[in-house]
């Protein structure tokens, strides 16, 4: 095997295996209940709130919350990709591997990106159908681009939070908190005009806010190329979180060797 | 109702409730996840609600926004508490020790679910304080003397509904999946944050059978004005009905769990 | 209702229906326990031995009312485990090994208070009883700490205290010594012996043969869901006592070929090898009249052999012989 195929194998095959091993939500009840039904109701809930309070129209909430739905598999998945290693006591064995950390951890993110993409496609389809909103064919290409970038940045964000799992015992505190914070800061549920400056400032460093802006611009009649600046912002956020994730994982790995404190925290 | 062979059944019943409540409130209050659910998330929702109400047509009803977010938290706490408590006890291995105790399982479950709704009360208090302190929401409930009783009714009614949910969750290995899918629909159909008036007609019966709807209506009435007593009574009545159902279900559930072996993960 | 038997099981059986796969579900029925009959007298310490997955825990869970039998019946102190669970639960204690089964975020004291209430201990007696038990298991002074900081041994002690709160007449101990250090395991054995002394009936499962040999009045060896042998430790040993146990030290690496030769030698029933440091020790079970030292050494041929000893069969020898017989019978039938 060449070095390249070996690297690809580690990234894709290893990533896929880790998804099956560590993501607890792949059983049909969990997948349907948590990844599909719950976010769909989230769309309906906010549409209902938006209608009652007269804040924004149905499409505003559909687009925002469809993208937000990716945070369920991506944030929780990214965290489980590391945290469950601790839970199963396999983290030490993984860290003994001589292979590249970038490929090991990077590969783990790929299945969640795919999962997040599928979830967003489902939300968009089911949500449009239920709310009777049009889904123009001309928007599909842009839609796909937004979904890929959004899922990637959210999964890398999840991985960065997951890195904390090497040190923190009750990491699901973080996943629940992060998940809730995204509901507020991503701008999925508050129109830009209603958002205070500090909130949008924080949101611009978190995943999804740029992607949601891009998607709304697309549906407001923007061209596919016109959304690229926003998508670029989302991609920058993704790269930033990737760097944070990589840095944290390397740092904690080094620290735990230095302090012999891998599994005792 | 006596679980023991003694003549002092009622005394032992209340004692069991008190000891169980203390145990599980303590245990829940020391869980980070639980506190995020009961305090942190409701504060985030309260923040969102305040900005939504300001942006919408109701900048004058911010207290209701805060209370609504708190009620959302109470429901989450009961939902994930009842589902999560059972699932967690299954993970911890304590579910078997609870079932093998010589106390009726329904009596064991009751304090657990009341503990979850009591922990949910944290969220109501937290969101109101948050609204007043951070957003200068004037604390001027329409019926100040009825607010606390209405909140108590809410806790009791939801705790009673929790028993029926917990009973179902004993059977389901995938209790989490069900719980995760049930927070938004109940928030929506019981009108905890905004009224159900604009929902389609066919959803009315769902609203009516949920004690959350009536409890929320009572608490919101005590905050923003309206009748408190009647919805409180309906909430309690519905809650009692769910307890009755749960008691019937539990006899069967316990037997099912014993025959299907769903008490452990191993 | 009076009966001399504390535990009485007749043809107890349990099968599980499992489903694997979601798209094309495959349904399988697994017979975990296939007809176990036991009779344990009051005050007896009865051991249940068997390999992993033999059905020990399933048997215990049927006896302590957590699982319903799919066939057969069982009574604890005369009460039916399937139909009178509350009566049974009032009289039994259940302690299992492992890290689970306690409220981690609560102190030992809070755990015990809660279970004392659940087990129906009289309110006035609760605190004295709890402190007495804490003293007995050696947790006094640590009772206010949260369980999450407890070591494996301390958790096991707390488990036992929990199981004893309501002074059960019958105690089920399911592998209580798993992962417990030798000193704590010895304390545990002493505690169990004391309990039996005090009249408690104990049903114990364990993987430690020395523990079973030291403690148990009678033992049943269970494999593939049925009882393969039953009797006092000595009776079980007698089953293999008919065979001589020879241990031969070998200084060269011993191969499969040698073992095959040994097993084919007349009169030799079993031959196993264990590496101890730099030498291999071959254990041979041979019928006395048949195999001699010479024939055994002949089979080992060119290997450099050292000390040859004959020893008394241990419970472990008996257990391994019973379980391997069961495995052979299982693979044939």
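To keep things simple, chains are lettered A, B and C as they appear, and every chain counts its residues starting from 1.
Definition applied: a residue touches a chain if its C-beta (ideal position, glycine included) is under 8 Å from a C-beta of that chain, and two chains touch if they have at least 3 such contacts.
All figures in this text were calculated on a predicted structure; none of them were measured in a lab.
In this assembly, the chain whose C-alpha centre lies farthest from chain B is C.
Compare each chain's C-alpha centroid with the centroid of every protein C-alpha atom shown, and the nearest one belongs to B. Distance between chain centres (mean CA atoms), chain B to chain C: 44 Å.
Each chain gets one centre point, the mean of its Cα atoms, and the points for chain A and chain B are 30 Å apart.
With centres taken as mean Cα positions, chain C sits 48 Å from chain A. In chain B, the residues touching two or more other chains are 31. Looking at chain A, residues 27 sit in touch with two or more other chains. Here chain B touches chain C in the complex through residues 3-4, 12, 15-16, 19-20, 23, 26-27, 30-31, 91-94, 96-104, 108, 255, 258-259, 261, 263, going by the rule given at the top.
Residues of chain A touching chain B in their complex: 27, 29-30, 32-34, 37-38, 41-42, 44-45, 48-49, 51-55, 170, 172-173, 176-177, 180-181, 183-184, 189-191, 193-196, 199.
Note for the complex: chain C touches chain B at residues 16, 61, 64-68, 85-86, 89-90, 92, 94, 96, 98, 100-106, 110, 113-115, 117-120, 123, 146, 162, 166. In the complex of the two chains, the chain B residues touching chain A come out as 31-33, 35-37, 40-41, 44-45, 47-48, 51-58, 174, 176-178, 180-181, 183-185, 187-188, 193-195, 197-199.
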